[in-house]
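Below: one structure, written as structure tokens.
Here the chain labels run A, B, C, D, E and F in written order, and each chain numbers its own residues starting at 1.
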Amino acid sequence: MSEKKPIDSLTIMTELVLPNDTNLFGNLMGGRLMYWMDIAAALAAHKHCNAPVVTASVDNISFEAPIKLGNVVHIEAKISRAFNSSMEIHLKVWGEDLTQQYKYKSNEAFYTFVALDPNRKPRIVPTLVPETEEDKKVFEGALRRRQVRLILGGKMKPKDAAELRALFVND
Amino acid sequence: MSEKKPIDSLTIMTELVLPNDTNLFGNLMGGRLMYWMDIAAALAAHKHCNAPVVTASVDNISFEAPIKLGNVVHIEAKISRAFNSSMEIHLKVWGEDLTQQYKYKSNEAFYTFVALDPNRKPRIVPTLVPETEEDKKVFEGALRRRQVRLILGGKMKPKDAAELRALFVND
Amino acid sequence: MSEKKPIDSLTIMTELVLPNDTNLFGNLMGGRLMYWMDIAAALAAHKHCNAPVVTASVDNISFEAPIKLGNVVHIEAKISRAFNSSMEIHLKVWGEDLTQQYKYKSNEAFYTFVALDPNRKPRIVPTLVPETEEDKKVFEGALRRRQVRLILGGKMKPKDAAELRALFVND
Amino acid sequence: MSEKKPIDSLTIMTELVLPNDTNLFGNLMGGRLMYWMDIAAALAAHKHCNAPVVTASVDNISFEAPIKLGNVVHIEAKISRAFNSSMEIHLKVWGEDLTQQYKYKSNEAFYTFVALDPNRKPRIVPTLVPETEEDKKVFEGALRRRQVRLILGGKMKPKDAAELRALFVND
Amino acid sequence: MSEKKPIDSLTIMTELVLPNDTNLFGNLMGGRLMYWMDIAAALAAHKHCNAPVVTASVDNISFEAPIKLGNVVHIEAKISRAFNSSMEIHLKVWGEDLTQQYKYKSNEAFYTFVALDPNRKPRIVPTLVPETEEDKKVFEGALRRRQVRLILGGKMKPKDAAELRALFVND
Amino acid sequence: MSEKKPIDSLTIMTELVLPNDTNLFGNLMGGRLMYWMDIAAALAAHKHCNAPVVTASVDNISFEAPIKLGNVVHIEAKISRAFNSSMEIHLKVWGEDLTQQYKYKSNEAFYTFVALDPNRKPRIVPTLVPETEEDKKVFEGALRRRQVRLILGGKMKPKDAAELRALFVND
């Protein structure tokens, strides 16, 4: 199978915030959330390529609303673009207070995974064909995010990042 | 005390990679590492401002070398720049195989924390005065990284990011 | 709100089987799975009644297929019937080998929760109105399962369990 | 050895309820207790047959008294009847507040395990010979409980469950 | 109640060695065992004095036989002597391979706990009256072990440790 | 390499006290601290001999100041003396309240580890050459502590412990 849709990799994770997940304010620690997001993203990537995967990078994450002890964490992960052997995963995270029936956005993030063959070398993954309008929008942004990653990782010079350069020069 | 040095917040964490921290390849999962990094960074920020802190954001992290089961994780965290109520923490992570006497760079990252007063409102933190050449270099880069964060968070337009714009236009 | 539908409480949980969850055969331990099921069921019950809940009982569970280390556990929980202050939750559990694209039924179960008010006394919960054919079927079986629970708990005599008695006498 | 007594498999487990084991009321979560019970029962079954075992099923459990944070959980497990390759384990659970010198019954349960040979196939286990009056009573009830399990698992029709049928028809 | 017997505080703990408890040889880590022993000893001390307790000290422990992954740890703890507000707890630890029916001594240890009143100040505990020959023997050795603790803690000079001095001078 | 210095094995560990690490007073449990100390000491020993190690014994530990929930634990471990195949590790532990800028001594301890070859047999370790005055002092005390261990372990008679005997006889 050489083509897959974003929905094929959709992974829904639900976690309850327990005492050991919280800081002194009784709020979920950022690191615990990134741990859960890493697993959700790994499962989505694994589903897309049907091969073991490893985390290659995580894009800038900003934590908007604290999630309280006893609240629920909802994580939705699905692949947003496939490159040769790497996959970008789009994650959305919400908190929810089930007693108050209050659900709130916590953050959004992009994790990148690489698929490995049995010798632990990168292997080709299926192409992603976006379907919905939202899928297409994140698919298109993926090139720009990839340039940010390459520049921040010191593997590309800003002047060579055509997609990104346009934002600054023509804006 | 209104001024502090980076060395005042230096936090050194050492962790042993246990079975439950690893994926099917027997390598440390990225999410578990981000969890430990979040705690190391929180301690460094807490040390700088002597007040409780919460994770505000995490910059792009790229994972370069896998860390194996039974290897050691070394994390060094210290504050790289203080803003009004927020602090940017610079983290360096190494893996080490103690039997083979082999220590290797895993990744480098920047976490941002906000100091809170007893009412959970942001509070002023001491200024950071960099000392060494390396401290000064990461201190200067902090403005540019902050613009990246603001742009990625939708709180600044690329054309207003003077520091960043220079990289693309004049390079 | 005095009436709710099963779909309103649907809770989807996805967990990855890690080394510490497994026995010497490398298979998920039954007790770890019941722990996850308890949390999924509690969240579904909490969603239905918007009040804190506690586990009252768990019906007979039989474990059909072992779930391997590195496989994924899918749990779907939704309320199957509401009584005065108690709710019966229907859970379905699958394992999945993402590399082999093989998803298999692990088990099905019924947990019962009680809603508590701030004084920790039982409180009235909304009525459940089943919608789909499947919802209606499990809704109808709930009375019979409740009689089994009461008999096994020594709170009802077999001869008073009309629903259940019919199965044995007229079959 | 082809015969064993219940006392030969007696397993006594004592656990302290820590913060992460509790719900928002500060009481032990049902799922955590079932996790501990599963391990206690597995050890008792393993002791009886001197072979690795896996959880086959768990009978209806009803939770009678909440066990508080900081209280102690006492679990006693011993085999109640052996069939060909499966063993029924009888568990009794108490909570205890050591400061108040107050010990209370929490629940009673039956778990069933299957013994496996090195090829992971079911293997014959020693016969159980009950000794005390209480041992004999639970031994005798085992056939009836087994019929309940088979009926609930869809592997027996109510009309063929002679032991069980008697309860409803002649009572 | 001002007097109690050793048997009144007997605490039996049984733990299964899971992957995360083991080192690279697949053997239980010493630190994990000392963690379980601390809890068993705390429960025995709590039972003796019916008040919360804190660990004051741990005597020399030597680990004699490695306990393997999947083996069982048996811990027996009971109070060996009571002083004013402190209690010495005697622990015995065995490992067991249930498949091979092989049970072996792992170590023996003495932990000391202090009872606290609601203001967190030391409080008087009941006297211990030893019953069996073995109880009496460990009861008598307690004075000598206490002198070792005081000398090692820098709170007594060797020449003032009459009990201990006799061993070296007259032996 | 047949000689090493204490500084070569220095291991610095920093841990945050989370809810599940604490007792009912909200203080770090002694057993959890001994678990962390065991890992820090194992890493220091592993660094000295570049071979896997196992815990052989732990000397008397006395807990002086409680470490509170949310405080930081600092552990410094380095080798204090090497014998044939065993190494004595010296540990110092502090607690720290980062908000109050208050750092306090918790305890000091000596753990002994044995280096193992691939067949799990003891193997020769490098000699330790102490450098600083403090290093030399703990190095010299090591013989005396070893005699205490041998006597307490029943492997030496008090009268044969020349170093120790001198303390009692000539003091």
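As a convention for this text, contacts are C-beta pairs under 8 Å (C-beta built on N, C-alpha and C of every residue); 3 or more make two chains touch, one makes a residue touch a chain.
Everything numeric in this text was worked out from a predicted model, so none of it was measured.
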Between chain A and chain C, which partner chains are common? B, D
For chain F, the least number of touch steps when starting out from chain C: 2
By mean C-alpha coordinates, which chain is most distant from chain A? E
If chain A and chain D share one sequence, what is the angle of the rotation that overlays their CA atoms, in steps of 5 degrees? 120
Give the chain pair, either D-E or B-C, that is connected by more C-beta contacts. D-E
Euclidean distance of C-alpha centroids - chain C vs chain E, Å: 43
Measuring from the mean C-alpha position of chain A to the mean C-alpha position of chain B, what distance in angstrom results? 20
Rounded to a whole Å, what is the gap between the Cα centroids of chain A and chain E? 50
Which chain E residues reach two or more other chains? 19-20, 23-24, 39, 42, 52
Kindly provide every pair of chains that touch. A-B, A-C, A-D, A-F, B-C, B-E, B-F, C-D, C-E, D-E, D-F, E-F
Applying the document's contact rule, which stretches of chain E touch chain F when the two form their complex? 23-25, 27, 29-32, 34-39, 42, 52, 54-63, 66, 111, 116, 120, 148-149, 152-153, 157-159, 161, 164-165, 167-169, 171
Which positions of chain F touch chain B when the two form their complex? 11-16, 39-40, 42-43, 46-47, 50-52, 72, 98-101
Give every residue of chain C touching chain B within the complex, in rising order. 18-20, 69-70
Touching residues of chain C toward chain E in the complex: what are they? 19-20, 22-24
